[in-house]
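Several structures are given next for inspection.
The same chain A turns up in both complexes below, where it pairs with chain B and then with chain C.
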Partner chain A sequence: MALLEVENLKKYFPVQKGVLNRTVGYVKAVDDVSFSLKRGETLGLVGESGCGKTTVGRCLLRLIEPTAGRVAFNGQNLLELDRGEMLKIRASFQIIFQDPFSSLNPRMNVGDIIAEPIRNHLKISAAETRQRVAHLMHRVGLHTATMNRYPHEFSGGQRQRIGIARALALNPKVIVCDEPVSALDVSIQAQVINLLAQLQEQLDLSYIFIAHDLSVVEHISDRVAVMYLGRIVEVATAEALYSNPLHPYSRALMSAVPIPDPDLRREKILLPGDVPSPFNPPPGCNFHPRCFVRQDRCARETPILRDVGDGHQVACHL
Partner chain B sequence: MTVNAEPLLRVENLYTRFDTMDGVVTAVDGIDFDVHAGETLGLVGESGCGKSVTALSILRLLRCPPARIEGRILFGGRDLLQLDADAVRSVRGREISMIFQEPMTSLNPVLAIGEQVAEGVRLHQRLSRRESWQRAVEMLQKVQIPSPEIRAAQYPHKFSGGMRQRAMIAMALSCGPKLILADEPTTALDVTIQAQIMSLMMQLKQELNTAIVLITHDLGIVAETASRVIVMYAGQIMEEAPVRDLFKDPRHPYTRGLLGSVPVIGRGQRPNRRLQEIPGMVPSPLRMPAGCRFHPRCPQVAPRCCHEAPPMVLLGEHRRVRCWLETV
Partner chain C sequence: MSEETEPNVCRPAELPSENRWRRFWVKLRRNKAAVAGGVLLLLYVFCALLAPVLFRGDPAAPNLILALEPPSFKDPLGTDELGRSILGRVIYGARISLLIAVGVIAVGLLIGVPLGLISGFFGGKVDFLIQRATDAMLAFPGFLLALALVSVLGVGINNTVISIGISMIPLYIRLVRSCVLTVREEVYVEAARAAGTRDGMILLRHILPNVMVPITVQTSLGMGTAILFAAGLGFLGIGVQPPTPEWGAMLGSARAYLFNAPHVATFPGIAIFLAVLSFNLLGDGLRDALDPRFKI
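Up next, the complex of A and B:
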């Protein structure tokens, strides 16, 4: 059985206008998203800004309350839990944020930042807590001697390690990694990616890895889901998706990534225009106005995600 | 490319220092390079390596003090560092223009887009308001902004990130400059939009025979667009090479480290899902290591690297490396 099962997850943000704050419509940030995550697996979630990938990550942990759907963790629907129960679940379901600058409290020292989840969840002595923090810091490659320092004294890469140590504090099973390396320089990015891969092996972790960098996602993921305007348009193993992307959007996305090899000049598929506003998405397949293989029916019927063999799913009429 | 021709731009022994509360920061530490007419030169490196400061120094866009710029920047037979403010202003925008990274903050939010594009033309080419506006609309059309007449009258907040960057390109090209300094022109954009913008820039560059200095941290973009590459680290040039040589035969350990640390799309996963790391981090500009600046992170460090700065070793035309390994 899958460790995490997400069915028909939706998040509609109301748009309010006027003095009475009347709701005039909804931004469908996440619209009917379903996927599953197996134990020890990494599922990559890719897409461009505004596609809803971060909202999905936050909805899973109920940091943003989803509008509808089901998030089953070990068979238990998280969306039905009350606040107290949800807090308990968060011990095994953690998140690492994108921005290592704003996601750490600048007034807390590193030891306290990492100890906070332990103090909140476990009743153990101060000495034991300290020992655990030291162990966690060692695990993510930070010097335990820096425990009393404050976040501003650390570089971006080190801060991201602090965030990872905090996420690991309660021995979670699943970690949502929301753009964990996009704020880092390439040499530091490699260090953090390697650390995440190493921790996954050692601690039997499962990751939801959210990123816009397709090369990083290919590198770290077992399976990848591509999102566009709040919907998943394609899911496949990393290998299948990157060698044989089926959805026209995935194809354009893959072809747009620059390759650091001057001899490899591929034909790029240039998409016209910008991503449309999620407040007023196009009817039918919401990619059709930019699609290079569209047909008449694409403007009318919304394609559903269907299996085309070996777990490769795609939402396209073709 | 003709190698013997007089370069369009020659930077000689450029030092840019900042006086700060904590001491003097040498952001650019004695760099020199040429840019030839019509070529695309890639300037790569990680944050803080001095690549942006180099561009800002060339256009004299840094406030002095706190900045102190030394060296020579030769452009069209003149040293830009010796010119007075008026003379620099006549170079800026007309002969050398700049595209900034942040299309959100580098456009004026209270001026219509057309006005901002027209401003440069009006000042440099002494056109009337009507003529310069007309020119702005033409430029917006050239960068493929749909319905440019309507769009020109709109304000930046109505433009998406990609469209703002197009407007920036229109501004940069409006006076037909010989050289464009593009500082991370697509870093803030999504990949599909990045592909649009890069292809547009390259196409216009061909059409107008403009030289581009492309400042970026993205090795993929460099591989696809530049003809020659300079790799910077901690304020110095570590390696320069024609693009193919750099990617096929990187000579500096730092260049090799950079190339190894990025995952390459479509190449599948590496064993164990491990990337090659460059250990440690970029040194603080206030506490530069002695000897070679890269030695604390270098996998091939030798005793002499720790106390003696390596010389720049010339390996051929446009091929040089700052490393002791090349001296033996």
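Up next, the complex of A and C:
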């Protein structure tokens, strides 16, 4: 059984206007997203800005309350839990944030930041807590002597390590990595990615790895889901997706991955137009206005995610 | 595992840890106006604490034979209409004024800050209620509100403190709420939620420390205002009552002798002016020194 099963997750943000705050419509940030995550697996979630990847991540932890759907963790639907139960379950469900500068409280020292989840969930003595924090800091490659320092004294990569240590503090099973390296230098990115991979191996973690950097996702993910305008358009193993993308959007996306060889030229697929507004998405397949292989039915029928063999799923009529 | 992580070990940041307070202190000291304000304020505190040492005798005991004497060697600032030393009364007045300022700020902080925190953090109906009540209070000019409250509560030091304190509450509510609205959207607040921190602790450990800077500045500026308001009430005769040496009340009773003995009104006036000035200068300095955007 999958460790995490997400079915028909939806998040509609109401759009309100006027003095009476009348709801005039909804922004469908996440629309009918389903996927599963196996133990020890990394699921990459890619897509351009505003496609709803971050909202999916927040909805899983209920940092944003989803509109509808089911998030089953070990068979238990998280969306039905009350506040207290949810607080408990967050111990095994953690998140690493994108921006290591704003995700650490500037007025708390590093030891307190990492100890916060421990203090919230476990009733252990101050000395034990300190010991655990020291162990965590060592594990993510930080000097334990820096425990009493404040976040502004650390570099971006070091801050992200602090964030990772905080996420690891309660021995979670699943970590949502929300663009954990996109705010870092390329050289630091590699270090942090390697650290994440190494921790996964040691601690039997499962990751949902949200990113827009396709090379990074390919490197770390077992399977990758491609999102467009709030929907998943394709799910496949990293190799299958990168070598043989099926959905036209994925094909366009993959053709944009730079190849580290100036002599090699690849035919780039340029998509016309812009991403439509999620407030008023096009009918049918919401990619059809920009699609280069569209047919008449694309404007009428919404394609559903179907299996085309080997767990390769794609939402396209063709 | 230690061998594996060793190449990954990050050295502590290159620069030695610069103490936040040290930096604040250096910045504050470079601001000449703030230093002047601070020194002046220290002088007032000094007078307030050591009043019985600096001035021997009772500042409230009349001696009609010496009434309205101009400044002399014996009474450096002259005497008032009842023959009391103005120097002694100004020195003792510092006690009253600082006491009122501290009391007023305590009332404003203790009630205004929690309400502002709750209003900004929880939003919704609670926020609406608190904000409409604040609107109602802010509809009156601050001094008028204090005046109205004093007329209900009656005169005296305690009532002066309470009424000016209440008139300060809406300022704190608004200030704190607006800061909370920004801070609560910070990612570290979301991170605290993900870590399982409850709302109360988020407010206390994450939000309050990050709104302390504007509160500190407002406190310094507010003390100046409190002294001014208290003097105003005293001047009108509905604040601190004679014979208690209060600067505003001294001004009020000196009004009748403004032409034949101007020194009686001048010195308490200067005392009020300098006290308010010192708080304002210090408040401005604090604001600059606590703002990380201003470099040393």
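Quick note on the criterion: the second predicted complex is superposed on the first by the 318 of 318 C-alpha atoms of A that agree within 3 Å, B and C clash if a C-alpha of one lies under 4 Å from a C-alpha of the other, contacts with A are read in each partner's own complex, and residues count from 1 in each chain.
Criterion: a contact is a pair of C-beta atoms (placed from the backbone, for glycine too) under 8 Å apart; a residue touches a chain by one contact, two chains touch by 3 or more.
As the structure is a prediction and not an experimental result, all values here were calculated from the model.
Trainee: Under the superposition described at the top, does placing chain B and chain C together on chain A give a clash or a fit?
Mentor: In the arrangement built by aligning on chain A, the partners chain C and chain B fit side by side.
Trainee: Once the structures are superposed on A, label A:A238 by its partner contacts, choosing first (chain B), second (chain C), both or neither.
Mentor: In the superposed model, A:A238 contacts chain B only, not chain C.
Trainee: Of the partners chain B and chain C, which touch A:Q191 in the superposed model: first, second, both, neither?
Mentor: Both chain B and chain C are touched by A:Q191.
Trainee: State whether A:S155 touches chain B only (first), chain C only (second), both chains, or neither.
Mentor: both
Trainee: Looking at A:E218 after the superposition, I want to know if it touches chain B, chain C, both of them or none. Which is it: first, second, both, neither?
Mentor: Only chain B is touched by A:E218; chain C is not.
Trainee: For A:D274, is the partner it touches chain B (first), chain C (second), both, or none of the two (neither)?
Mentor: first
Trainee: For A:Q202 in the superposed arrangement: first (chain B), second (chain C), both or neither?
Mentor: In the superposition, A:Q202 touches chain C alone.
Trainee: Please work out whether A:P258 is in contact with chain B alone, chain C alone, both, or neither, and reply first, second, both or neither.
Mentor: So A:P258 only meets chain B here.
Trainee: Quick one: angle from chain B through chain A to chain C, Cα centres, nearest 10°?
Mentor: Once the structures are overlaid on A, chain A sees chain B and chain C at 80 degrees.
Trainee: How far apart, in Å, are the nearest Cα atoms of chain B and chain C after the overlay?
Mentor: Superposed on chain A, the two chains' closest C-alpha atoms are separated by 6 Å.
Trainee: Shared contact residues on chain A, chain B side and chain C side combined as an intersection?
Mentor: Chain A residues touching both partners: 155, 157-158, 191, 194, 198.
Trainee: Enumerate the contact residues on chain A facing chain C in the complex.
Mentor: 61, 63, 87-88, 90-91, 94-95, 97-99, 102-108, 116-117, 120-121, 138-143, 145-146, 149-150, 153-155, 157-158, 161, 163, 166, 169, 191, 194-195, 198, 202
Trainee: Considering only the defined contacts, which chain B positions touch chain A in the complex?
Mentor: 46-47, 160, 162-163, 190-196, 198-199, 217-224, 243-244, 247-248, 257-266, 268-270, 272-279, 281-282, 297
Trainee: So in the complex, the part of chain C that touches chain A is made up of which residues?
Mentor: Residue positions touching the partner: 1-2, 4-5, 8-13, 15, 17-18, 20, 186-188, 190-198, 201, 205-206, 209-210.
Trainee: Please output the residues of chain A touching chain B within their complex, sorted ascending.
Mentor: It is residues 48-49, 155, 157-158, 185-191, 193-194, 197-198, 212, 214-216, 218-220, 238-239, 242-243, 252-263, 265, 268, 270-271, 274-275 of chain A that touch chain B.
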